[in-house]
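In what follows, subunit A forms one complex with subunit B and a second complex with subunit C.
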Partner chain A sequence: MTAQAIIQSLASGLLMGLLYGLIAVGLALIFGLMDVVNFAHGEFLMIAMYVSFFLFAFFAIDPLLSAPLVAAALFVFGAVVYLLIVRFAMRAKTNAGMVQIFSTFGLAIVMRGLAQFFFTPDYRSVPHSWLGGKTISVAGIFLPEPQLAGALVSILAFAGLYFFIHRTDFGRALEATREDPGAVALVGIDKNRVFALGWGLGAALVGLAGAIMASFFYIYPDVGASFALIAYVTVALGGFGSVFGAFAGGIIVGLVEATTALVLPPSLKSVGIYAVYLLVVFIRPRGLFGSM
Partner chain B sequence: MTITRRDVLLGATATAALVPLAARAQTSEVVIGVIYPFSGGSAQQGIDAQKAYETALEVINKDTDFDLPLAKGEGLPGLGGAKVRLVFADHQADPQKGRAEAERLITQEKVSAIIGTYQSAVAVTVSQICERYQIPFVSADNSSPSLHRRGLKYYFRASPHDEMYSAAMFDFFDALKKKGTKIDTLSLFHEDTIFGTDSGNAQAKIAGERGYKIVSDIKYRANSPSLSAEVQQLKSANADVLMPSSYTTDGILLVKTMAELGYKPNAIVAQDAGFSEKALYDAVGDKLEGVISRGTFSLDLAQKRPMVGKINEMFKARSGKDFNDLTSRQFMGLIILADAINRAKSADGEKIRDALAATDIPGEQTIMPWKRVKFDETGQNNDADPVLLQYVGGKFVTIFPPQAAIAEAIWPMK
Partner chain C sequence: MDKNFAARRRRDLIIAAVLAALAALAPLVIKDVYVQNILILTLMYAALSQSWNILSGYCGQISLGHALYFGIGAYTTELLFTKFGVLPWFGMLGGGVIAALIAMVLGYPFFRLRGHYFVIATIVIAEIGLLLFQNWEWAGAAMGITIPVRGDSWLKFQFLRSKLPYFYFALVLCCVAWFVTWWLEDSKWGFWWRAVKDNPEAAESLGVVVFNSKMGAAAVSAFLVAIGGAFYAQFLAYIDPESVMGFQFSLLMALPAVLGGIGTLWGPVLGAAILIPMTELTRSYIGGSGRGVDLIVYGTLIVLISLALPQGLVSLFSRAKSKGATR
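Let's turn to the complex of A and B:
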């Protein structure tokens, strides 16, 4: 094993990890806000990839350019999902937790089925994007441009989210609703609007991730599944309810995955992730940055 | 009204005795179960397979003018012109769902035989259920060598398995070496279900026997979100030949990641699967000029056997695609099965089994470059000669073995 191979693995792991972080942040945001796990998170990612793909196929808009459009579309979609489904699921008098799980889980299955029906199960990809297939090589270390762009977008999006939560009125309303949904009603904050905003934001973030990924990953109706599992682990590892934890967790997962594949057979590369996850929940059950 | 196997049997025997030939045409039908992934990650393979089987069904049930078993005349003459009906079931690439669907097809749909399954891992469970109910299972497109070595009596495979394919690859390497090409080191790259594992094992074994050095043997997790660590290892090994055994999704990601990490192998010789899929070439075909994949089918054959081209057109009208290695085998699988049912003159599982065991179809009466279709005692056809195809200028040309080749191999690939 050469030093170059180690650096290359770490670099690849970091780029992938930033993307895992971006995917997980949306999930953590929604969970932190209202204690609801969005089991359709992977399908949100899948829809974003398709939107990006179709914008490319029909209007020749590069995935990098369409990313804000896709994020906006997913924002609306996320808010609508909250208003049409989750809002009602949360009102359940009995077994509220189960009702929430099954409503988003059911949504995931419906979305997958519809995607297969309308888009066919064929594998799509964006063949000629601006950055697609291009690579920067620094001292023998290869950094694929689409992933680099993804990492940059991840960092910007996270910074933007951080600013939004801590510096704007809406962000403060978000935080306040998170702390005490009952009390905010007394000061005139509409809980439903805040929750819808939260869902919209969460979906928009995963939408960004999907758009970026469309330039280097294949697209098919089940594509969300493998990323969603990692996102759940990432959120649990980083700390339930912590947006910062989810982002850091993503980076850790990416790095651990890459280094595991370096020392163990690649078919065992997820073992490292789950081992670290187990270790963290043993020592610190609320996750690395969890506040609950 | 539902027609059971017994009805078909009774109907056929009774009519044979009592009714004049002409009146028998509408007596009955024979039901065959078709198990494929119709949802989930491999759903496209199931949908393509369905089109292949419907094409075969048209050849069997309608009067066509091909030199194939059952092509001329309508339906199965041995069963009084009975028509074949297909019942499709979805196994979602899950061996346990495959097992349940096989059981349902046999007990509720009363199928006379089952054909499938794309994934070898599913073929394992489906064939076990068939064995228990004494219903023949035709493995149309599974290539794992371990499948026919389980002592099953009702298992049949007309197409080659991965050891035969791998042997053909090494025959090809040997031939190139004799002409002075340097091929000493190999990198194996295979997914971690039965297909990739069996393929990797077969290649490692033959490599050892024939004195090739495996410098990296990577078994990877199927449907991984990232393959950069794996490609990194392939790159540092830098073998003379990269030999992947991957389904479509992983194949696309592999090729993309190779380009991103600046790994350009001298040659890629692939074990079909994803590397026979149009979707893969749509996605990354520009990076695959000169890739070699094994196959059982080649459209080149249409030059020698015009019916291959005509049947391909029939399939293309349904699916929008040319026959590939998988769909051609699926087509032939149903023809071979229906031929056996016809000769069995019965819809009974055991009689069909015996008829399958007695199958002897010359290669010219298939759409494949095979010598013949004749099963050994394990249900394997050892006369199914594999071919090697090279992707040149957007299509595949046959380069090996010499008797089937229409072009010289381009080596290194580019």
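Let's turn to the complex of A and C:
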């Protein structure tokens, strides 16, 4: 194994890792806000990929351009899911954790069924996007352009999210609600509205990831399932609720996956991620950047 | 209240005996193999869910990785049977013991994790197991193992002419899982588990009880689930990693208890009695098109029931009765 090959796979791992971070950050945001894990997160990603695909198929809009549109569509979708399902799941007095898990799990199953019903189980792909299939070579390291674009979008999205949370009124409301949902009502913040917007924002972020991924991944009803587990691991690795943790967790997961693939057969590349996750939570049960 | 409790427990036992007797007679009336098949699966999932409920319902440690133990039961039995000719009965017990040991070894690190960290750790460990078995050449890798035909007998736990022996085994397994739950519910363990579930901090102040009781729940739960896995492998006569260790099993085990009532004695039985026939029927009547209608129906029901009845269907019964109760 040459140094070249190692650097090459670490570079690919880093690009993939930034994308994992982008997929996971919405999950982290929602958890930090209201302590709920969205077990339909992978299906949100799947829907985003389909939306991007159809925007391409019907209107010839390149996934790179449609990303904001997809994010906007997912924003609405996320808010609706909160208002129709999660809001009620939050009301459960007994078995609250279980109700949240299974209502979002049920939603995931419905979404997969609907995707199969309307789009058939066939694999689809965006055949000729602007960046599709192109690579850049930097000092002998080949970087696929779609992944590179994904990494850039991911960094921008994280920067934007950071700015949003720390510099805007809504961001402050978000933080306040997260600190003390009871007290914010006293200053006239509608908790339900903040939560709905939080879900919208979380979904919009995964929408962004889905749009980017549509240009280099196959799109099919079950596509979300494989990414969902990685997203949970990414978030838990970084510490639930920590947006920065999701970013760092994504990078770690990408690098670990690439390193594992160098040592173990490709079919076992996820084992490295899972093993590192277990190792981290055994040492730090709250993840790397999670607070008590 | 104590008197009521004792009376209720006696009544539960009588109801269970009557139901078991009725179920044992069911094949006299039901001759259709397709229906018998559904009954076998219903009993099996009732047993699995009852076992899952011990750790996740009573003790409150939500596991979505019990497919690991199911798969270990199936694989231990079939590897011993096909590679060394060991009778499935021994393999079954061996699988149960191995699963219980693994559950306890995993318990050391896992039981330090709270809430979602625990849930995700259980999913992850089952996924690792799945990937390892898919890459383990000696165990048939992703191709799995076809169980050779060695005859039609209880000794070999293989039945070719009729499905009825499988039915009776599943019924016994279901009764055992129910009885173990019934027995533990009123034992020292049962009280510890409820204390751990309701308020881990308060229970913690009682010392080692918390950790040990979680370990006990994990071991019993994993053992029984592995027996179910061994049964399923013999029943299907073919196993591969995805079909005995896939995530869907972890979910299918949890759902009857969730729908029927988490942490209740009758929840898993009631949930399985409704959910499994429904799943099988929707699958064969509207799922055949491959268009996912069964998933839509199934998922919608899960969402509706978990939102409308967070305590499960069992709560419908107790609510009606609690009008007259003094508590």
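Following the convention adopted for this analysis, the second predicted complex is superposed on the first by the 292 of 292 C-alpha atoms of A that agree within 3 Å, B and C clash if a C-alpha of one lies under 4 Å from a C-alpha of the other, contacts with A are read in each partner's own complex, and residues count from 1 in each chain.
Keep in mind that, in the parts below, contacts are C-beta pairs under 8 Å (C-beta built on N, C-alpha and C of every residue); 3 or more make two chains touch, one makes a residue touch a chain.
Everything numeric in this text was worked out from a predicted model, so none of it was measured.
Asker: Between subunit B and subunit C, whom does A:Gly210 touch in the aligned arrangement: first, second, both, or neither?
Answerer: neither
Asker: First (subunit B), second (subunit C), both or neither: which does A:Lys93 touch?
Answerer: second
Asker: Is A:Gly21 touching the first partner subunit B, the second partner subunit C, both, or neither of them?
Answerer: neither
Asker: Name the contact category of A:Tyr277: first (subunit B only), second (subunit C only), both, or neither.
Answerer: In the superposition, A:Tyr277 contacts subunit C only.
Asker: Return first, second, both or neither, reflecting whether A:Gln116 touches subunit B, subunit C, both chains, or no partner chain.
Answerer: After superposing on A, A:Gln116 lies in contact with both subunit B and subunit C.
Asker: If we overlay the two complexes on their shared chain A, which of subunit B and subunit C does A:Gly32 touch? Say first, second, both or neither.
Answerer: neither
Asker: Who does A:Pro265 touch here: subunit B (first), subunit C (second), both, or neither?
Answerer: Both: A:Pro265 reaches subunit B and subunit C.
Asker: Touch check for A:Ala108: first (subunit B), second (subunit C), both, or neither?
Answerer: second
Asker: Looking at the overlay, does A:Tyr232 come into contact with subunit B only (first), subunit C only (second), both, or neither?
Answerer: In the superposition, A:Tyr232 contacts subunit C only.
Asker: Share the list of subunit A residues that count as touching for subunit B in one structure and for subunit C in the other.
Answerer: 113, 116, 120-121, 221, 265, 267-268, 270
Asker: Taking the touch rule as given, give the residues of subunit C at its contact with subunit A in the complex, in rising order.
Answerer: Residues 62, 64, 109, 112-117, 119-121, 123-125, 127-128, 131-132, 134-135, 251, 254-255, 258, 262-263, 290-304, 306-307, 310-311 of subunit C touch subunit A in their complex.
Asker: Considering only the defined contacts, which subunit A positions touch subunit C in the complex?
Answerer: 31, 37, 85, 88-89, 92-99, 101-103, 105-117, 120-121, 221, 229, 232-233, 236, 240, 265, 267-268, 270-271, 274-275, 277-278, 281-282, 285-287
Asker: Provide the residue numbers of subunit A that touch subunit B in the complex, in ascending order.
Answerer: 2, 5, 8-9, 12-13, 16, 113, 116, 120-125, 127, 133, 135, 137, 142, 144, 147, 216-218, 220-222, 225-227, 230, 257-258, 261-262, 265-270
Asker: Quick one: in the complex, what on subunit B touches subunit A?
Answerer: By the definition above, subunit B touches subunit A via 39-44, 46-47, 192, 218-221, 223-226, 228-230, 232-233, 236, 248-249, 252-253, 256, 259-262, 277, 279-280, 282-284, 286-287.
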